[in-house]
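Alright, structures below, take your time with them.
You will see subunit A twice below: alongside subunit B first, and alongside subunit C after that.
Showing the complex of A and B:
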């Protein structure tokens, strides 16, 4: 070693007094290019926490974290993306996939912090200087990583559909179903919204995989009516589907139907593992509608001996007698019900409780009872002349048609009401060759019927007359005709809030003569079969039960569900009520099995 | 009835009679849940009575000038009987029609009374009845005319 090498460390010290050769920060801040992929901006109010950004991120730089202020919003997971800038590679795939188009990037790229954990942040929730930056990478308008438009469903035209009671919707082919399934981002927002919490992303994946048997198994975990719901479900899942925010929602209902249609009912027992271990308990179910049969199915799978009492000659309730076959063909409904029966559910048809079998006898004979008797009594208009023989009930017309009977409506019909029964009565009348006016007290936008029912009834040339209030039914002197007097309404804001109320304008009255008038203004329950002593112990408000936890009534043996116990009055809610009650009855009758909970 | 007190006593008595009517009907009601509904109606009438007592005692003022929305629902409905098996719909129809009859009675009385102060009081009572009618008609609109 030379002397210079030995002394050089001491000479280094002279550098300490020299001007630095490097800059502490760049002399000039250089802004990022206008479309630079800089720090993330999330419009947290528009974001619905679908987690597509998290799923697509190849570096696992995004976690979805709960944010209190967004918790509990409908169609929102309550989660928001949290970025780890130690991992992010600024590829912008998260921006490109964002279903709500809430995620962007600013053109900011400098951020100094001493603590490395500072570089983890929840965009749009934690204040950052670049949150309001307009520059930076935004997804180009019209650019999507998945097709925004759903695969069109092959349907009969309106002109074709009114010619018969054939099913209007033809269903997807396998190729179409796979293309539609490919659009799903698997976020699961739909699962939380579906009353039955069906595992939608996984059964849609089974279509992509071509594994329809797994799809069927997944559906039966929470819904024993997939063929039915694949056709007439109110599909609230689609209303919250994030793909629908910037495009059209995934056709979840049609995909469900596709899976069921691929599997022959002969294979159900093998696929769904029908082995049942009897547990010795007996449960009675009153009403063989979707709520009652759902409870029966899940109770039977748990080993209960289940007897269903049904007043009609076959099962299905409103699905059978209230939903016309052009929306739900009998063979689709039978596919669901036949499998439920095949697992050992005993249905006693044509049996009226309170007449053929006494309610108090059931209370003594069974370990638990599930009541799901629906809303079967049509509401009356209570206007003068309503008892005219040419005034028919919408429910009766639909039931007659379901039984293959001619309801005798004639060629010119007025339907009163704006719910699904009214729409179906009108569309059935069109198929029977009648011209139809639908009179509704409020505006079309306030009709309680499903929007697609309203749209299709209009396409089928039902004449929808809004703000029309019936005031009197008058005899024409002919047994084949009837006249209705109705007045125009003005919508007036309710001083106490809520939806506007129609007010009759007595100076704007109309009369019109029809071959018949079909009244479909609503339905109520008939609980007369329950003995008064029992009725007094049950909480019943305006004809409906008010169930507690697990659909239990005030009497420990009695559980309730379906339209007679919920506000939504749709099939999927009834199905979930039945499933929920089955779990409740199981907890009630086998408390030891749940002791650890 | 020539004085304000006499008119108010009459109105208070009418509210009490209405409450008694619903309470008695509740005792007879056979349909599930109807007892409670009718007892709620009776409570509603008692709250009307209380309000009129407050008017009589000078603690509350009638508002004869107030415009009250008239939905005209009960005007075109048929009369129904207060039977033991009365339904929700019919109970509401009875309630609406009773309030309507009271409103019309006070309106007619006000039209035939020359004394301006008394006329004002009776018109105030008519407006009270119009509000009660609106209450029951709104219930009917929400609960019975759901699909219409």
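Showing the complex of A and C:
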């Protein structure tokens, strides 16, 4: 070995201190293309857990898992998608179907982990570096896997509708109904929101399948008033329909109506009847409104002998006497009620409890009683002159019209109030040929009436006057007229954080003379038929019952429901109250039949 | 362009002409006329480039629509020639004699849709689905979900909840349904 060989490594070492001859080229980051379909991003706060991503995934790579912090939010299942990257193929169908538009993909595509179980994560809930990435695949604006707009409903124009009491809504044709049903993603979020928890996705599917008899059976599982609810339901289901987040919600109510309209009432017995096994128990129901008749129907199906006591000459309660026929024609309501009667429910009309039949006698004679007497007493405006003969109640006007009687409203009418009764009274007055002003003490946006009723009353040229507080009713000297003094209101913030309060502006008063004033500011209950000894044992607050579990009152035999026992005071809640009371009465009278007892 | 389309309508019976995008026009032609039309477009009308061949499955109508996308470098126009063929025993004239690369597309169409192109080279060989043992996967009767369920195993410990049932259990256990 020469000396040179021995020293050469040291000569090489000296190069280490020289400037390198090569160029430094660090390994570049290679980001995915701007619209690359990389790892998932879910905006978990906007996601409502409808599970459409899970359903559409062709590789079964997505599970829906409960996430505590989202539990119990309205219109939210509390579940969030969890991705198994062992199965995902990044096709992005989950992003394309996402109803809430919360699911996207980042352009990130590298993720190294030693443990294969790591490639399994709940996007948006588990922290990931790509969660805030703005790049990656997003569904293009306007691109939907289902049509975002609902099928238009054919309706009478406002000019046509005010001419008569004909039904305003024409209903879907089969072709329209199928197209509308096709938009449903079948997530079932609406089922929780529906007070009666109707099997909405299932009956919508029956439309797609063209199997309306199954649809009818499904509806009767939870609601014996589908023809009615298909027309006038408050349809809270539609408010939470995920399709409505980026488009218009499925017209669930119109689809329900469509099914009922397809089946002739002659076929109901064949489709719906099941064997009733008499159980020997007797139940009395007081009030033949939706709550009472719903309880009667489900009790009868369970084998009870049911007698319904009704003070009026026919059944339906507020549906009959409070909802005008242009929204709910009598034959639709009768279709529902006739079937309930046909299963063997006995209704005693024109029977007033406390007069024709004594409440205490019912308590002795029946094994259980369901009270659903509704709210039938118009609330007072508490202003001077209110008892003037030309001040009519909204309920009375509607009941007169329902009975085919002329309510004698004249040609120029003021309606006081902002609820559905006020809107109905106003629209009925328009149909009777009157010019109508609606005076409401708060802003239009705060009216408790259904938005579509407000819209339609405006279209029918009812003049809505907001922030108008009635002050006094005055006699004009004529028997056919009446004068109202009302003042403008200013909305004042409530220091306690409640909703703004209207405050009367004394310097901005108006007086106007009308042929009549229709007062429709709410209604209360009349519980005088209950003997004082029994009343004392019931907790009654502001004229309403406060039911416990299964709609039971403080007395074990008495169950309560409907407007007189709930806050929402709508038909569908009453129907569920009746159904739930039937479940409760069955548990009470047949305790052995239920494992939970 | 319009003169050309008018002439093609007379000579080849093309129909359903539509402008899809600027400089992309599609037209339909009967299966029997297709090869002759495409040859004419290549040799006489400047459509010398075959962009691609693809297929759309119209299962409801029982047809496949083949699309031959041709490009003219002269006027930078693109023509999509669409040909409907029966889904049953689907078969089409091969155009690999017009453009050599056509056989690759045809091999892919055979594998993905099951369309036969008699005479096209290497038709029988696997293209990208090595060892495929099911019906061609781009046919719409192919059920991707069923296939993936039957073919691929599941990671252990995976559980999924149904939104509707989960909400019932959480929010209204005693309500709803037939009780």
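Assume the second predicted complex is superposed on the first by the 564 of 597 C-alpha atoms of A that agree within 3 Å, B and C clash if a C-alpha of one lies under 4 Å from a C-alpha of the other, contacts with A are read in each partner's own complex, and residues count from 1 in each chain.
To be clear about the criterion, a residue touches a chain if its C-beta (ideal position, glycine included) is under 8 Å from a C-beta of that chain, and two chains touch if they have at least 3 such contacts.
In this text, all values refer to a predicted model and were calculated from it rather than measured experimentally.
**Q** Just checking: does A:532 make contact with subunit B only, subunit C only, both, or neither of them? Give me first, second, both or neither.
**A** First partner only.
**Q** Please indicate which partner A:443 is in contact with in the superposed arrangement: first for subunit B, second for subunit C, both, or neither.
**A** Neither: A:443 stays clear of subunit B and subunit C.
**Q** Which of the two partners, first being subunit B and second being subunit C, lies in contact with A:222: first, second, both, or neither?
**A** Touch partner of A:222: subunit C, not subunit B.
**Q** Could you look at A:348 and tell me whether it touches subunit B, subunit C, both or neither (first, second, both, neither)?
**A** The answer is neither, since A:348 touches no partner chain.
**Q** Would you check which partner chain A:71 touches, where first means subunit B only, second means subunit C only, and both and neither mean what they say?
**A** Second partner only, subunit C.
**Q** State whether A:416 touches subunit B only (first), subunit C only (second), both chains, or neither.
**A** Touch status of A:416: first partner only.
**Q** Per the contact definition, I'd like the list of subunit B residues that touch subunit A in the complex.
**A** 30-33, 35-37, 69-72, 75-78, 80, 87-90, 93, 138, 141, 143-148
**Q** Flag every residue of subunit C that touches subunit A in the complex, lowest number first.
**A** Per the stated touch rule, the residues are 144-145, 148-149, 152, 154-155, 158-164, 166-168, 170-172, 174-179.
**Q** Using the touch rule from the top, collect the residues of subunit A that touch subunit B in their complex.
**A** Listed in rising order, the residues are 379-380, 382-384, 386, 416-419, 421-422, 440-441, 448, 469, 471-472, 492, 494-496, 501-504, 506, 520-524, 527-528, 530, 532, 535-536, 538, 540-543.
**Q** Which part of subunit A faces subunit C closely enough to touch in the complex?
**A** Residue positions touching the partner: 49-51, 54, 58-60, 62-66, 71-72, 77-79, 84, 86-87, 117, 120, 187-189, 191-192, 196-197, 199, 201, 221-222, 550, 576, 580, 583.
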